[in-house]
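Note that the chains take the letters A, B, C, D, E and F in the order they are written out, and that residue 1 is the start of every chain.
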């Protein structure tokens, strides 16, 4: 299965490894921030709704 | 009529602060703005001075005719009192600073470095700058902060003679200025949360 | 007697400003300093707070018992109102800031970044810091600058309750604080030009 | 206009005004270089034009944070904005004052420091010419950076971060010209490019700076 | 004490707090070096340890002007002086906060930048060790400089000027250790000296800083 | 309905929610296909050996690093001219993605350089320009973080992006003049019309490039949504706090 990378195995693998790790980190950070933003917004919207109900 | 403001709406930090504010300022008239802390006086004055734009309404008559004095006096600590005044006189194209020094009894301090003045003396220097601008409209934000009784009356006298020569003044303050003038309380114009249009975060609400 | 000052001589920028000043401050007493601009009020207060040393005379009772509030409020713009207060509470070893927030009606503003407050709101925050210090002597330099009428009465109430619990206050101001207190006019103590001894340039005169 | 220039110059010469500090910084950085890379004469000689250019650039950079921030802090900038002066002109005058108090002294002092770093004799003339052509661009670009960060408290480091990448072309052509000069090659191509950059930035950057200043103070 | 440390760290991480800026500045200065001295690999390799030390030092230096000046400007320093905290401790805590937000990231990033400058492979370890030993001294000495210039408006450049000479011993031993490491020689003597400087300054400088601060605010 | 109507945050969120599943799917498919095919299914180059496999990461990321900056330039212009918030926020959202792409291009290039040129890093014009691009991204992001008022931040970063682009181009010429390098010229057909890479390598490379492009779009859409939500949260919070 694994192709024979010859004497450059370390280079190729580390290039793939580093890039994929960077992409994964970017994705993870993006998703985490996105989730947090959604949750925060939902909370504020709920509070805002409560507020208007209280007033009204 | 020197300045007229119609149906003005202002925001600060993306939040509407004042709406529907209107007034006019005639030559020879002083208008005192009152309102509790956070009402929006500073915001209004900065907007009239052109340092910030309104999100609605119109201001007319305010081009290059306004001398603004805010919380900070624009004083260079390492220039003498005289040099400070002279600089502003040159910027506004007027040569003579003796009258300004007179009005605020600054002659004895004229050659002191401005950085070695006490709080009230600095303020006097800041106010005397208005006299060298030659602008017909003064827009002042809490001008008498740190001033003692004598200095407050110098200020009142300066405003009166400015008005007598056809000028006008718009002054925000919490304390008594020793001036007889109309008072505009801005409390009724405070904005409500459901006022969106024009604020920078309008699109997000 | 919390604080006593005897025969004090002060200089600012190498020039004597006040001489022969003396007074005492008892628990429960407030003393209001008055004097024209440049008289030396700020210099005196900074000296009593230990930020500068007198060139003559004695101050007793002032070690670690003084909470000072000057022209600048020591507010961090990027911390919220609550975080600002909490920091000072921790520095002075007190935990609770709710009472301080209450006294100046800061609860609605507690989670705002302090940088987005108006001038008067900032001042309220600066004054509320005094309540978390737990120091018996308050030394205040023009505390009510930029405050509206309501806030001035909050301040008066805070001072009164501080006095009632055995504290004392020394306040320099030009305007009415809404407090009944003794007044000390420092004008008679202004130094004359022939007063040399102890100033930093004495040796050269 | 002239009042503003004179005031800026006068302030720079007053105590605490910072005139000469840039120069002193330049001097110190240049003297630190032998400490950090070692004292070999040939090595120093070969990096001398580059080090001098880099030192001049850093000295310029460090003096930028006074350029507008002082006026912002004490409220002068607000007042200037409401004064009857075109902001573009004010910004250009400030850049000029900065160059006169910072760039020009650096140009004049660079040959002296060349001695410290074993600059080859043929290099002195071209070093001065390249600095004289390049430093005005540094001041003008720096004014843009200062305008970008004017509302930010103690934004000195951010200012450096924004301005340094913009300094790259000037530095490359300037250092290349000085290096070619020192090696006895013909430095005219990089010098022409350098002059082009300087003229271009002087013509266009004030508009960007003024625009940014208006946005930032709003 | 801990409240002060936490506050300083929190402020550094808030928007505009400047965390990471020192690091970015370090990166930029390092990239500018080849632009100015030319791209030859051997030349770069031989000056790499020195350039990295100089870059770290400058990055430290530029972040110093926020260390005390911000607290001075908004009045916090006056209030801290009247608070029941020993000023020596407060100053040390501020230096520690500065090191954590500036020095430590520099130490960690230095090897990466070594790649850009063709640092010889044997040099990486010693570079990191020397920086880790030396940067605390930079923060502590820098705090002293910041205390000296605290009353001066926008004293950044003056601060640099006062502090740079004080940095010279640290720089010499640090860069020497890194250079010897890179050349495969034994760097232990300069490292020991460096450690000595760091320990000495940590032990003694806070007293000087506190004294100077008391004088300056008077 | 004009395209500008999608500058409204709500419409934008609705549309991007509809598009995103497809985009993410297509991006994942293309990136995986391209990379797996490239890694497992292509022969070694007779000169470069197996290192040629790095190309499937290196070239797409390098391409996207530049394109991200172009996109930011475009959206910045739109913000300055038409003041659509979504546009400014999209620029903000794209910057970190561009930064990471630049970083990937730099790292894979450096790793590739070791066997090919015998050095991790050489001051070759192409590489140097990328380093400068990296610095521009850093400055741009730092400015966004440092300015408190979001609209002012958008204004200032937009101008920085414009001015920065001019200087980035200038730097590129400066760098080329300064040092002629080792890096091979471009061989992607869009740029030159011909191509120098063999088909065996080219097809997976093309797929991977399309994949990186899709991934970029998906990421930017998602992140713009996040920025919009944060902005809305802040707007609502502020108003509630003001008790208005």
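Please note the rule applied: contacts are C-beta pairs under 8 Å (C-beta built on N, C-alpha and C of every residue); 3 or more make two chains touch, one makes a residue touch a chain.
On a predicted model such as this, the values are computed, not experimentally measured, just so you know.
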item	value
Where subunit D and subunit F overlap in contact partners, by chain label	B, E
Between B-D and E-F, the pair with more C-beta contacts	B-D
Same vs different contact residues, subunit D with subunit E, by half of numbers used	same
Most remote chain, CA-based centroid, reference being subunit F	C
Euclidean distance of C-alpha centroids - subunit D vs subunit E, Å	24
Subunit A-subunit C separation of Cα centroids, rounded to whole Å	51
Rounded Å distance, subunit A centre to subunit F centre (Cα mean)	17
Euclidean distance of C-alpha centroids - subunit C vs subunit F, Å	56
Set of subunit F residues in contact with two or more other chains	132, 135, 138-139, 142, 146-148, 178, 232, 236, 240, 243
For subunit C, residues that touch 2 or more chains besides their own	71, 77
For subunit A, residues contacting two or more additional chains	none
All chain pairs that touch each other	A-F, B-C, B-D, B-F, C-E, C-F, D-E, D-F, E-F
Contact footprint of subunit B on subunit D as seen in their complex	2-4, 7, 10-11, 14-17, 73-76, 78-85, 217-218
Subunit F-facing residues of subunit E, complex	15-16, 20-21, 24, 27-28, 31, 34-35, 38-39, 41, 44, 115-116, 118
Residue ranges of subunit A in contact with subunit F within the complex	1, 3-9, 11-12, 14-16, 18-19, 22-23, 25-27, 29-31, 33-34, 37-38, 40-41, 44-45, 47-48, 51
Parts of subunit F lying in touch with subunit C, wherever the complex brings them together	148, 241, 243
In the complex, subunit B residues that touch subunit F	13-16, 191-193, 195, 200-201, 203-205
